[in-house]
Every structure is written in C-alpha cells, then in structure tokens.
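Everything below concerns the one structure shown next.
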Amino acid sequence: MRYETVIGLEIHVELDTKSKIFCSCPTTFGKPANTNTCPICTGLPGTLPVLNEKVVELAVKSGKALNCDINLINKFDRKNYFYPDLPKAYQISQFDLPICIGGYIDISLEKMNKRIGITRIHIEEDAGKLIHDTYDPISLIDYNRTGVPLVEIVSEPDMRSPEEAIVFLKNLKSILEYAEISDCKMEEGSLRCDANISIRPMGQKELNTKVEIKNMNSFKEIHKALIKEEKRQIELYSFGEGEKIVQETRKWDSAKGRTISMRSKEDAHDYRYFPDPDLSVVKIEKTNVISIQEAIPELPQEKRVRFINKFDLDEKDVDILIDDKKLADFFEELINLETPAKDASNWIIVEILRVMNAKELKSIPIDAKRLSNLISIIDRGVISRTIGREVFDELIISDQSPKEIIEKKGLTQINETSKLLGIIEKVLDNHEKAITDFREGSPRALDFLVGQVMAQTKGRANPSETRKIIEEKIEIIN
Amino acid sequence: MKVTIETIEYIANLSKLKFDTDEKEAFAKEFESILTHFENIQNEDLEKAKFSLMDNTVGTLRKDEIKTFENRKELFQNAKEIKDGCIVIPRILE
Amino acid sequence: MKKIIEMSIEEIKEAYAMKTLKVSQVLEAYFDQIKKYDDKIKAFISLREEEAIKEAKILDEHLEKGELSGLLAGIPVAVKDNISTKDLKTTCASKMLEDYQPPYDATIVKKLKAAGAIIIGKTNMDEFAMGSSTENSAMFTTKNPWDYSKVPGGSSGGSAAALAAGFAPLTIGSDTGGSIRQPASFCSVVGLKPSYHRVSRFGLIAFASSLDQIGPFTRTIKDSALALKVLQGKDPLDDTSKESSNIDYFESIDQPIYKMKIGVPKEFLSEGLDSEIKENIVKTMEELRKLGAQVEEFSLPISDAGLSAYYIISSAEASSNLARYDGIRYGYRPEDYKDTDDLMLKARTEGFGKEVKRRIMLGTYTLSSGYYDAYYNKAMKFRSKITDTFKKAFETYDVILSPTSPILPFGIGEKTSDPLEMYLADIYTVNINVAGLPALAMPSGFSKDGLPMGIQLIGDHFDESKLFQVGNHLEKKIKVKDIFPKLEVK
C-alpha cells in the first residue's frame, strides 16, 4: 500500500512597521517587559483601535508578491476567546472577508517545478507573551508583543512531502524578505509556522483526518517534526489503526523528538466571530494596489534568472547569493563598482560567508567599496590572492583602505624578476634533491620549490612568475 | 423556543461565568421568553436588506509613527501583583 | 439675583462676563447644595472638591484680569462614572471596577478641561450602563429629586438627578438605548443624544460600540447646543468619530419654526402609552402648531422588531466588550482561586451584577455558532431596514416628535423582577440608537401627581440644528425649565 502525504501550512509573519497595528507603540523586539505598551494595546477599559496605514500597504504588498487577488473592500472581525495573553479577550482578525485571496508560489524541486497554492492572507494582531517563572508557581505576562501587526498566510494543502514544505517555506521567506514585508526571523518570532498534515492512500481523492502541529521553532525543526508525524500516521494506517488519528493539535517536542497531543482547550473553538464595530470597513483604491505592486523590488525568482543570464555564473553559486537578500544586494553593489562578476561571487561565497559563519555575524562585515578595491588590486597583480585573504581579514576589523594595510604590512607582491632571482637561486641551491626529483618526472617537486620561495618571501612572491623562473633556471642548470 | 440547561451551561462556559442550578433554571426560562420575543425579527422580510456595516464611513488610518505613552508607570497601577515589570498570574500549563 | 444653583450655563457665563459672580462662589454654591442634599439623593459616586477649588482659584485670577476664556470656563461639570478620568476612580457603578483608576482621560474629559470646565465628580449609573432606572448600580440607588420614592431613570440616572437637584449646571451621560433621554424626561431636564459618529467614544467604557454616544444634560436647549459644540469633533483616537461640519447651532437656534414639518408616528401613540403622557404629547403638538409648525401624525412602520434588533446587537457587542474584565490586569480579584482559569471565572461571577451577567449570556448566545445567522445576522440586516425607514420619513419631515417613555417615573423596586418588561419600556428610544440618529429629550410638563414628563425630538443624521431650533422655541412656550424640585433633607 502506497501512501501520499498531504501538507498545508499556516504561516504568521510580523509586518515590518515602526508602530503597532492599532496604537502608536513601538514594535521593537527584545525590549524590557511591558515597555512597548499603552492603554490601547493592554486593553484598558474605554480604549479603541485605529488602523496603521502601513499595515494595509504591507498586506497588499505581500498579496501581490504572492500572486494573490486583493479584496478592495475587506473588514476586521473579533475572534472571541479567553487567555491571559489576550488583553481584550478577543483578537482583532479577519474572518470571512480577508484582504487577499488565491495566490501561489512556484518552487523548484529536484525533478520538477511545482506550484503551491495560497488560499488566503489576512491581517490580525499579535498577542502577548507568557513567561513561566522557574521557581514560583506563577506565570508573568509581557504585553510588548500585543498589537504587533501580523499577516496569516494559509497555503493550500499542496505539499506532498516534508522536503517540499521546507522548500516552500524557504521560498516564502525569501520573497517576503526581498519585498521588505518582514525580516522573517524565526528566532525572534517574526515568522512562525504551524503545519497541517494528513496521509491518504495513493490515488484517493478525499483527504483523511489532518493533524495540526505547533511549536516548531526553525526550518530544521519543522522538517524533523513533519517527518516524525508522517511516520506516526503511516504506521497507524498500515497497522489498520487509522481511526486512532484524530483531528487535534499536537505539540512538537524537539527534546523528545516527537509530537505530543496537547491538553485540549475547553472553549471548543466557538470564537463567535462578528464584525468589529469599532473599525471602519477597509477600502483600498485599485490605483493604490497597482502602485504598491510596482514598488515591489525584484523578487528572488526574477533575480535568479537575471543573475544566471547576465553574469554567466554557476547556478549553484547564484542560489547561494539569492538565498540571502543581503548577499544578493552586496553582489550588485560590487558589480556597480565594476568588480568582475566571477570575482564578486567568489569573494562573497568563499570569504565573506566564511567570516560570517565563523563569527556568527548577521550582517556583511565589510563595505563594498573597499572589497571592490581589494579585488582590483589583486587582479592587477599587486598582491597575490593568498595575500589578498590576509588583507581581507584585516579590512574586516579596521577601517583602513587596502592600500594602507598593504603598505603598513609590507605585503606588496614581488613581481620583478630581478627581485625574485636572488631568492630563487638561494632556494635552488638548498634543495638540489627537489631539482632532481622534478627532472625525474615529479611535478610536485616544482610545487615544493615554488612553495619554498613563497615561504621565504612570506607569500609575497608572484607565484606564476616564480614558477616560470624556476622552470627556466632548472632548464638552464640542466 | 425551548432553551435547555445544557445550552445555558455551554453559554456560561463561553462567557466565563458560573451559575448555581436555580440561576441556570431561571436563565433558561428568561431566555425562552426573550428569544420568543426576538422571533418577531424572523417575520421581517429581509431579502433585500444589506448587513449594516459602516460602509459609508471613510475610515481613519493612522500614520506609521511611534508615540510613547507618557504614563507608563501608571499603566499597571490597578494590577494586584507585579513582578519584574510583568503582571503575575498563577502558573499556566500549556 | 437668581439662585446660582438654578442658573443656566448661559446665565453663569454672563455673570462672569459682568463680574457679578466669581468662579469660587459658583463652585461653592454647588458644593453646598451637594452637601445638603446628595446624602439623600445619592447622585454622586465620587467628588473632587479640593482640586476643583484649586482650579476655581486659578480661573478667578484669569477672571480678575478679564482673561477668562474657554466656552465652558468656570462651569462645574459632573461626569457619568463610565467615562474615564485620570485622577478619579471610574467604576461604571460595578464591583468589578470599584477601585479602578484609569491612567488616562477620556477625549471628552480633555475637551471639557480645555474649554475651562471644572470637573466636580462622577455620577451614579446602572452597572455598565445596562438598565433604565439606576437600580442596577452595585453602589446604591439614586433617587428622583422630584419624588424620592421614584427612580430617576437610567442608565445615566445620577447625571440627570444631579442636574435636576442643582448639583451642577452641566452633567454628562451616555446613551446606548435611551440612557440619556429617558432619565432626562424622568427628571425634567434637557438631555441630548448626539448623532452617532458626532462625539468621540475614546475613554467611554464601552457597552455597545455601535450604539453608545456621550451627551450632555442641561437646564436649557441653548446650554445643550453649547455643550455639544465643546464635546463634538473628529478624534484621531476614535475611528468611528466623524468630522463635524462647521454648522453653528446658534445661527439657526432663534430662527422661527414656521413651515417646519413635524411628524408624530401614530404607532407610538397606540396602546401601552400612559394616558397622561399621551395627553401631554397631544398638547405639545398643539403648542408646536401655535409656533407655526406643521404637525401631523404619520406611519413609521418600525414595529417591535426594532426592539429585538436593539437587544440582540447591544447584548452581542456587550458580551464581547465586557470579556476583558477577567481580574488579571485591573478590577476585582477574588480572595482565592486554584488557577488562572478559576481566577477569571470567579472574578467575573462575583464582580458582575445580575443584569450585566444576563446581557452577557444573551449576547454570547446570539453570537454562538448555530445561532449567529438566526439572531445577529438578521438583526444587522434589519438594522439597515430601520435606518432606511427613518431616512424615508426625513424626506418629508424636518423633525419627528415622540414620547421618551411609555410610563411615568416608577417606584424604586417596582419593576426589577421581569427583565422583558423592562426591555419593552425602551420602545421609543432604542430605534434611534439603532439608526444612529440624534435625539433631544426635553421637559414638557408634569403629571397630576407632580411627576416629570418629557418629549423627544428626533432628527436626521447630523441634523442637531433643527432639534435645537424647535426645542428652543418650544422651551419658551412651555416654560417648564424654571420649575425646580422642592428638595427635602429627609
């Protein structure tokens, strides 16, 4: 019996606005508890919500970036339930008339391209945070996050494997970052994902019972959780115990490596949605939608195609550059400074990423101008690529120019034969065996000799010149 | 229009209110008479009626600017217990 | 000179302008009256005498220099206790908010202060504005100054009684289904419910968001127009508030009302209306004819369904607006509880009164799954029908005249048993809130037992000018405004 996995995702994304959705409190992450608060977002009696115009703009933008239709008239509804992190005991959300409907993302999988549908996108406000005290049997409530604007993006159940789900999420994250809708940092909660997964026999049209999985805090965890749950369900079906799969919410426990059934919340989800009487209906002009759409910067897919066509780069390299908007932007900065594309790409992928990973940096550690300068210095043969790396490491921690560093450290490449000759002759004198080895057919011996000269000159000798001179010399000696 | 005790209990649960048996029975009776009265709405011809939303209102949109609430210290002046700047409640098990 | 406590705002302002009165004098007169009679009447939940005296002193300095400015400069005001005041508790007459002190002022409170008014205290009301007698207050019941055994009406009973008893020349109330107009008529004072969208609701502790409006109680129609001028205006903190046009109510207020067409819905004069009130309406129609207006009966087919729509919509909105009272951030917290859920349950069960709980339950029911379509959805559709019916009527009529209450002020304790009976008495007032129209209640006479009667003038959306104009002329003709209750201390 072959089974098919059906996955749908619900993604909550924090919109990149300065102030909250219904009040003017800041949205900055990581502030001391309850410092980004006011009577409105803490639900004090008598307060009223007023919509932030940027929220509408970014929601429309996300809709257009994801190929959705915009509901030019949409409204807010109250979702009523009790929970300590929800100050008004209702969340202002959108129920039956969301701002965007019907979109898609095209993803590339190994063997094919696939279109994953998006059912809808709606605007809602975030809730606060509960901090569970470690010693006392109390919980603390921080309302900094209440009222931060969110869009909820609901996908169609079009994904057929955990891998597909991750590719979709990566694409989605990339698009939202590029379109400057959100900074999409899962570790800061600006991107959250819940999954719905069900299994059915291959060929069956109807969907079987789906299970919701929550509490996955990174793409890696989402992948693990989906694989685990997929396995759990398939096992039950294959043992004829499919009825044990109930529609429920399961929590992913990453320490235990499995999904756990959650304590059911009593309210049985009767949210009693009704239109929020404190807020006007949202009306969007078609011309606004068009101008917002036109303002969307080049999205990852387009950029990828352009990079491949224009710059003659390896596809795998392009993928790395595109994956992170910062890298793609930096690459284009270098190009604008007339850096050859191949060099720009190499330096970013090899050196910059090396440093960022080693030092766990979130932003690019060097400015394009000085790097471009360095690259052209190397290309002109003033220093070798190897020395270049040394200079690069210095550039990162100082604000001196490459020229200043090279001069200060005396790293200029030695190119002139006259200067190299002396050192080469010395090395040849000291390594007769190597000369013999080379003559007997070992090319490595030549490398060794070149290496010796490099060591002697602390890497400053021009390696290809050195090699040439040694070869000539050896011929002559012979 | 019959209203059962179970319905009253369900609604009380959703409203986070607790009633004793006498109160629940009283509610059930009251609701029956009130809801029977509400039935006069069912007799109205609402075919052509629109769901009344404020669709004639030009809504206020706020500019995306930060304003700090000046009396932040007084924001929680009515809370019964504060620790580390947060409101304290009995431990929640999630 | 007239007694200070019997003066209108206009008269006090004139006295300030003529320097025949000082602000501290005026304030003292009102506080004296309060100290003498509020022990019995119980209109106030809290007072702020000390601060008010300080403010009066400063205003007197301005007065001396001839620099007293502000439309309500030096006018003492009492505010209903569901309107947020930063330096006074705001209790909504509920155990739930007994100790609640807001960290901010409602927008209208800011406006009153900016106009130079002196806030003297917070008045009693039905708990969370739910009720028509002020008997639902968790604090105490306010007495009708005209007859201490009767209710002052509700839910703004405290503000109406305070005005009638001479505790302030201006008091503020709120009206969701008649809560300004009915007590105004029960206490023989002028009460205005402005058009919905006219006055900011920011800081008004919400009962039913799409129906609530704040409005003034005054002695005269002109005072009411002045008060509205100060209270109205678009508030960036209230999305439902709209820009007020620059119409100056005082331009038309004295214009004669010849040729104005005034309609009286015949359905309102049918059974259920007290015979004395009916007689009074007929008399008022005559007076209006003498003033040159064209007065006639017409059919306004709103029917009982309007009352149902009102109760469905207001309960639904209330059930959601009152969900935030859970004992966590503010408000009543029970003595002990086993966990957070128990805390919330006990806080709400013990903190709310009977009527409030009833409305919450009703509202939750009408919104719950399975019932939304039958009740809320239908009520909201019917709402647009009611609005259209009124719109059509205003194509013919400038103003609609109606009673405010089908019954005279009733005895304290007389009507608290049957909720449906109480709801049905709102028949003349609720539809106006449902349609968002402005309505002005004004005194129109007394019953043979000396109980106040009032009439209601209803206008088209944002057409308060016409109400003031008709009301102003009628007031001069009826001459009820200069009759004052004989207050007793026992």
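Letters are used for the chains, namely A, B and C, taken in the order the chains are written, and counting of residues starts over at 1 for each.
Rule of thumb we're sticking to: a residue touches a chain if its C-beta (ideal position, glycine included) is under 8 Å from a C-beta of that chain, and two chains touch if they have at least 3 such contacts.
On a predicted model such as this, the values are computed, not experimentally measured, just so you know.
Undergrad: Per-chain C-alpha centres versus the global one: which chain is nearest?
TA: That would be chain B.
Undergrad: If you tally contacting C-beta pairs, which comes out ahead, A-B or A-C? Let me know.
TA: Of A-C and A-B, it is A-B that has more C-beta pairs in contact.
Undergrad: Calculate how many whole Å lie between the centre of chain B and the centre of chain C, each centre taken as the average of the chain's C-alpha atoms.
TA: Each chain reduced to its C-alpha mean, chain B and chain C end up 23 Å apart.
Undergrad: Go ahead and note the Å separation of the Cα centroids belonging to chain A and chain C.
TA: The computed centroid separation for chain A versus chain C comes out at 57 Å.
Undergrad: Express in whole angstrom the distance between the two chain centres, defined as the mean CA positions of chain A and chain B.
TA: Distance between chain centres, rounded to whole Å: 40 Å.
Undergrad: I need the residues of chain B touching at least two other chains; which ones are they?
TA: Those would be 14, 16, 53-54, 57, 59-60, 62, 75-76, 87, 89-92.
Undergrad: Got the chain A residues that touch at least 2 other chains?
TA: Those would be 39, 42, 44, 50-51, 82, 84, 139, 141, 270, 272, 279-280.
Undergrad: Provide the list of chain C residues touching at least two other chains, using ranges where the numbers run on.
TA: 100, 103-104, 210, 236, 238-240, 323, 326, 328-330, 340, 344, 364, 368 - these are the residues of chain C that touch more than one other chain.
Undergrad: Which chain B residues qualify as touching chain C in the complex?
TA: On the chain B side, the touching residues are 7-8, 10-12, 14-19, 27, 30-31, 33-34, 37-38, 40-44, 46, 49-54, 57, 59-60, 62, 71, 74-80, 87, 89-92.
Undergrad: Quick check: in the complex, which residue numbers of chain B touch chain A?
TA: Contact set of chain B toward chain A: 13-14, 16, 53-55, 57-69, 72, 75-76, 83-94.
Undergrad: Note which residues of chain C are touching chain B in the complex, please.
TA: 86, 99-101, 103-104, 197, 210, 234, 236, 238-240, 242, 303-305, 307-309, 311-312, 319, 323, 326, 328-331, 333, 337-340, 343-346, 348-349, 352, 357-358, 360-362, 364-365, 368, 374-375, 377-385, 387, 419-420, 423
Undergrad: Using the touch definition from the top, list the residues of chain A that touch chain C in their complex.
TA: Spelled out, the residues of chain A in touch with chain C are 39, 42-51, 78, 80, 82, 84, 87-90, 139, 141, 270, 272, 274, 277-280.
Undergrad: Which chain A residues qualify as touching chain B in the complex?
TA: Residues in contact with chain B: 17-19, 24-26, 32-35, 37-39, 42, 44, 50-56, 73, 75, 82, 84, 130-133, 136-142, 262-263, 266-267, 270, 272, 275, 279-283.
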